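Same chain, two partners: subunit A is paired with subunit B first, then with subunit C.
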Partner chain A sequence: MPEKKLHRREFMKISGGTILGAGLVAGGLMSGSKKAEASPMPDKWDEEFDVVVIGTGFAGTAAAIDAKKAGARTVVFEKMRLPGGNSTINGGLIACACSKLQEKYGIKDSPDLLLDDMVKAGLGLNDPELVRIVAEKSRDVIDWSEEVLGVEYRDEVVHLGGHSVPRSLKTREGSGAAFIRPALKKLKELGVPVRTGVMVSTYVVDEKGRVQGVRIREGYRFPNADSGTVKNVRAKKGVIVAAGGFGYDVRFRELQDPRLGADVTCTNHPGATADALIELLRLGATPIQLCWIQSGPWGNPKEKGVGIGALFNLRNFMHGLMVDPATGKRFVNELADRRIRAEAIFATGHTCLPIVDSEGVKSYAHYIDKALAKGVVKKFDTLKDIASEFNMPWSDFKAQVNRFNQFVQAREDKEFGKPIPKDDKPVETGPFYVGFAWPKVHHCMGGVQINKNAQVIDLKGKIIPGLYAAGEVTGGIHGACRLGSNAFLDCIVFGRVAGRHAAMA
Partner chain B sequence: MKQGDAVLRHPLLMGKRMLHFKTRYLVTAFLVILSFPALGPAADTAKAKRTEGAQFRDCAACHGARAVLPPGHVSLTGDQNTDCDSCHGKEKNSLRGKIPLGHVHLAGEVTCMDCHDKKPFAFVATDRCRECHGEPREVAALTRSDEAFNPHESPHYGNDMECDMCHHLHVRSENVCGDCHDLEAPTP
Partner chain C sequence: MPEKKLHRREFMKISGGTILGAGLVAGGLMSGSKKAEASPMPDKWDEEFDVVVIGTGFAGTAAAIDAKKAGARTVVFEKMRLPGGNSTINGGLIACACSKLQEKYGIKDSPDLLLDDMVKAGLGLNDPELVRIVAEKSRDVIDWSEEVLGVEYRDEVVHLGGHSVPRSLKTREGSGAAFIRPALKKLKELGVPVRTGVMVSTYVVDEKGRVQGVRIREGYRFPNADSGTVKNVRAKKGVIVAAGGFGYDVRFRELQDPRLGADVTCTNHPGATADALIELLRLGATPIQLCWIQSGPWGNPKEKGVGIGALFNLRNFMHGLMVDPATGKRFVNELADRRIRAEAIFATGHTCLPIVDSEGVKSYAHYIDKALAKGVVKKFDTLKDIASEFNMPWSDFKAQVNRFNQFVQAREDKEFGKPIPKDDKPVETGPFYVGFAWPKVHHCMGGVQINKNAQVIDLKGKIIPGLYAAGEVTGGIHGACRLGSNAFLDCIVFGRVAGRHAAMA
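Presenting the complex of A and B:
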């Protein structure tokens, strides 16, 4: 458990690393034309397709489905031996403005409100055109997932941090696998080969600078860069890079944000590395906002990855309060965006405590016994017991809880502006449940620049012909901070855009 | 295999090959052998040669002169028909997940060349595992239990997991689900 302050590092280590990193990146970008950094055209191609998709997450599978449906002979390459990337292990939450469920629960929403929330959390760093496309397509995405893939959503609307209103739907199975598994099945029905253990090592570019295909390693065994047999695969219409983010790549993420060294754990699968992004940058794609890397504030240090401990925190942020055990007081709006909460928790220098009572825990009833058994959540009879356990100043903690309860009753949080959920009750009925929050690296907002057709843009602002990108590998949609459940949304929106446009080329 | 020999017919033990009784006994015993905790940390097998003609009990063929058994361990060569089960049959002495599965296969007379076809030893696809152990969904049916965690059936990956992601023959096996989840699964 990382109890030390995040910034307590030797200065030389940071500056040395950053200078070296900047040098490496700059060296790559200034190496001249994109031809110089790509693979030369082969004498012959080992295989030919219309569209080659890289990655089997939300963006890759959505792109491949739509490319094939638009008539393109499509193949999907996945470097890991298991398909799905981060998407198949995610929490299954997807944002939707104006869903049927919101209507059922009388929640008023609009694409404009979603857009405003995204830009506010993004600190205005979002590309105005791209963010609008995502905000306006959210209902379409839900309808498409239901009609084409049979995805089912639970009968509830979750309120996640940074959203003005509850708008996140949860897949019935509780993870993104609820989309990925049917998507893989759909690809099989459509006759699109999905090949695992195939690493795209570089792009094949002709003299005119058009991406003509990819060089792959077939039989690749991550992370052995030399494994597999080299082949050249033609992509007559386009290559769609949906290779995900680099959250697990400590070296690359630490270059972008020195606070995120090896001592900060990560929610991602081990394949979330920077290789694909680096190849795109070597080709001359414009990097956008690479240092904006999100850590999930709901990370529970008592478990690996994102488990039921993190789920407790996530629910808890809606219904309860979070305190710094050193002071017994709140220190942030529990429903602020992830960046604000994660930075606030990191700033305390230690694990913080989300707390609910027996009323607030009801929405988590399914998991609570298991969570208690695992020790990721603790149960206490009284608030005083909590104060004793964590050595919190009792009078300050008691006064804080009373103040919080007054805010709940008045439906207005005068201290931190937390939007109090409808029908919320004060935290006063024992037993009480305490979670543990210390952020974990989660998502890379930055990536390569794309236009509204998911085409990759080079450093001079020109489209790189034959090259598309979608999902976490792109940058500019989320800006400084991605709202929870918006990745699922963004990936499908731009995955489908990429698939359709590549097929039409 | 004889009819009604339910335990020994279990694919996790030995797959579908016909084996002599004595060998089946040895394999059963040996599988439970994977229980002796002392063997785990005692041996450094990182540099073991993978000798194609290696036989079960002939440790030196791959490990050379290096002692791989813990001090005081009964000799595996020689005249005694060592009954592994008498020490390792107990659950608390289980070596499950502590030594590479190659040893279990050798004990079951599944040799290197049975899987690797030819030298040089290329990586073997898990189609080979399936020939003896059945399809992933068949294995999943065997490990289904009320405990909720079925290591062969993942909500994230369905039955797509390749056997050797967890089950390693030449190094210790691992529990890949445990990378994210706190799920107990001693992995043979």
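Presenting the complex of A and C:
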């Protein structure tokens, strides 16, 4: 080992005389570590911008639009060949407290109620300042998406698990692409280049610890780390990391939660790896709650990714019941938060069955034929047929459906406390539709610490100058459990905060 | 900003010619970051050892003994004025599967059962390889402590929450000092210097990323970061970080779990700060489950630190019942794991009451007079007196005690599933003793990732050469909840692993 120790010192002597001593004089600024947490400042920059945004999902595009509008010369880098990341395959649901549609349908709501729901689901692990910002900005976000981007929402308000009231709006086309597409169009109009196939490998940091830019690989072909041409791009005002979560990164997610190994499937796109997060941590960013990784309880094991079977389950949770086929009985509030439901399904040890009747399936009318053709939803004439198909104890299952229907009529679930929608009907009119539920890795609640300006905070509690983060790469907003439709919201709220703050830096 | 960017480059030009270009040629080894995650290699070392151990608790002393026995010139640094950290104020309980005492008392146990208990309490978040090592080494650890250090255990086997069977041994004097004292004596015999008032401020890392030593402050006066004299100490074979958890560090723990702010009290000694962990993370170590911080459900709010009231609660959980004074009723299995009990007590919103009778209090005979004198336990002639004192509904409380006593006689708790000790007696013989329970921050399950050799793993999954960690500063062994008496065990298992591996490096 002593031999190795000499290498660096000898190299220093050869190339720079008394450099080592000088480094000590300078207060130990020069690290002897091989861990190049940051790239050295280049002799010259290949390109210069005011703001560099990493990622083209909800947070990245929102950040870039607001940065540009605030006057910053802005560029967006995306490591994948196509833009949009998980956001574009997202189901297009966004939470809003006090939307126009809630008013229209007479649903009473408030930012405080949304906040309470988030903190309850989050088990109180939520950063109090950040979660309040998200809860208070939801109406702003919807208005902005309509006015600035022309996003259209359906004439309905969806009630998702863990929300006290129906408050989730759905884009007309039922996916996050309905936001990403106009956002990219807006960036084009604004003259903001969006470059795909560009991997940000490290940050460039100056002697004061300020992030001055990024080192990129242009022409990068995911996941080949050595592909592309290295360039140094300056970000005079700030780098905004909106690179998403690490749900698809089996090594890193299994480290944080050993239950989520390669045998657990995932709804994310393959680019949802931990690279960006790891570079932030290597730079000294504070990790927050990395081990809280959400599995979507609506996952349908009969197809890959999110799938249309998941949409059926999600819709069913509003109207129908879910049973454990081993007992024919319910086992959880079908509208509990995702953590509670996923844990309950995992605990049964096998695929569970969301069930809805011909009335309930109406909210899923867009997809039902496709889902049946794909075999991810099955149709039965009678409840007894369902029991036969899945070898369920018929008398128990029948009694369960009757009991559930009484709760629906009474508008009170005395067994599991599911909030019954006010116009909900008993499950009794055939044909009946049955989905399949087994959770899939879906969202990382944990990530790096940011402050209310979306600035990244280091391990000693100080702002890392010139560095911002927004969206799933950040941690602490959702605590132990992100509620459905709150990712879309959070990403846009903090994407915009980051864009404006960086532009004004 | 452009001005700032130049500083470093100008400095480099002045002091070393073409150093910047050379740095780039060398593959970007030289970081431009102000974040000196590691100190540069010094011109000369002030002292040289084979192994440097940081910390004088269970893990640190065990590591140093084994490192020295394996032939390494070893030194131990302790930042506080007195050695022992939390270990010396620990209650002296250590888990052992298949101890001689279990055999004597006819208690069937196995390493697999201990493993199962750890994984169940840990919610499956435990690192599978590491948790197995702890479970399998418990008998070794006890034998070693007796044979090598002369630690003596009482003639009893304690049943702590979350353990399937009684398996916790207790040192004769009822504290961890019963291990620390002979361990320090052994180190003296072995000629290993144990230096207190020495703060390790950073690690010294060579150009290959190998940890070569530490930069210390000798004559450090906690918590003054600028006190003491800076020295560089070489560790030719390895640095072992056994610096403990961060339970007393309100800033850092509140970041990870916002529920645990300054208003929550803590059982730890004031030196249980995040400094050592933060330096490891700045060096690129992988954080694991930092947000799982344990509150001890046996905390007695009427005194600071652990206190003798906590010992009463702990003992009572074996024999008596705990009620919520607002209802006069039980609300949790008194022998559930710490997480479950702490969450249940927090959920009541107020101090709860562990209750035991004159039979049950016998296991606490050593302390009862002191606890009564201190006012942390109260004595009552009748159950009705208890109800009056705490304004409990007498009929409900009376019915609860009767119901509980039926469970004790039937050896089955039909309400909360508390495992009833086989010779347990109903709570009916006055006088009765009442404690007070409100959880206190106690243990950090999270920390840095290590492998089976106690080597620290970096964010990209690689070993950081020359760097080891053991004990509470590591993460992943206990998952979501450490069982009582498993810290003592884990610390010694991995302290010894680290000591031997480093010595043989």
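What to note about this one:
To be clear about the criterion, the second predicted complex is superposed on the first by the 469 of 505 C-alpha atoms of A that agree within 3 Å, B and C clash if a C-alpha of one lies under 4 Å from a C-alpha of the other, contacts with A are read in each partner's own complex, and residues count from 1 in each chain.
The definition used in the following text is that a residue touches a chain if its C-beta (ideal position, glycine included) is under 8 Å from a C-beta of that chain, and two chains touch if they have at least 3 such contacts.
Model, not experiment: these values are computed from the prediction.
When the two structures are aligned on the shared chain, A:270 is found in touch with subunit B, with no touch to subunit C.
In the superposition on chain A, contact of A:181 is made with subunit B only, not with subunit C. By the touch criterion stated above, A:447 is placed in contact with neither subunit B nor subunit C. Among subunit B and subunit C, the chain that touches a larger number of residues in subunit A is C.
Using the contact criterion defined above for the overlaid structures, shared-chain residue A:247 touches neither subunit B nor subunit C, since it reaches no partner. Legend: residue contacts after superposition of the two complexes on their common chain; A:288 is shown touching subunit C, with no touch to subunit B.
Contact with subunit B, but none with subunit C, is seen for A:173 once the two complexes are overlaid on the shared chain. Of all residues in subunit C, those touching subunit A in their complex are 1-2, 4-5, 7-9, 11, 15-24, 26, 28-43, 124-128, 204-210, 212, 236-237, 251, 255-259, 278, 281-284, 286-292, 446, 449, 458-461, 466, 476.
Those residues of subunit B lying in contact with subunit A across their complex are 123, 155-158, 160-162, 165, 178-182. Residues 81-84, 88-89, 173-175, 177, 180-181, 219, 221, 270, 303-307, 374 of subunit A are the ones that touch subunit B when the two sit in their complex.
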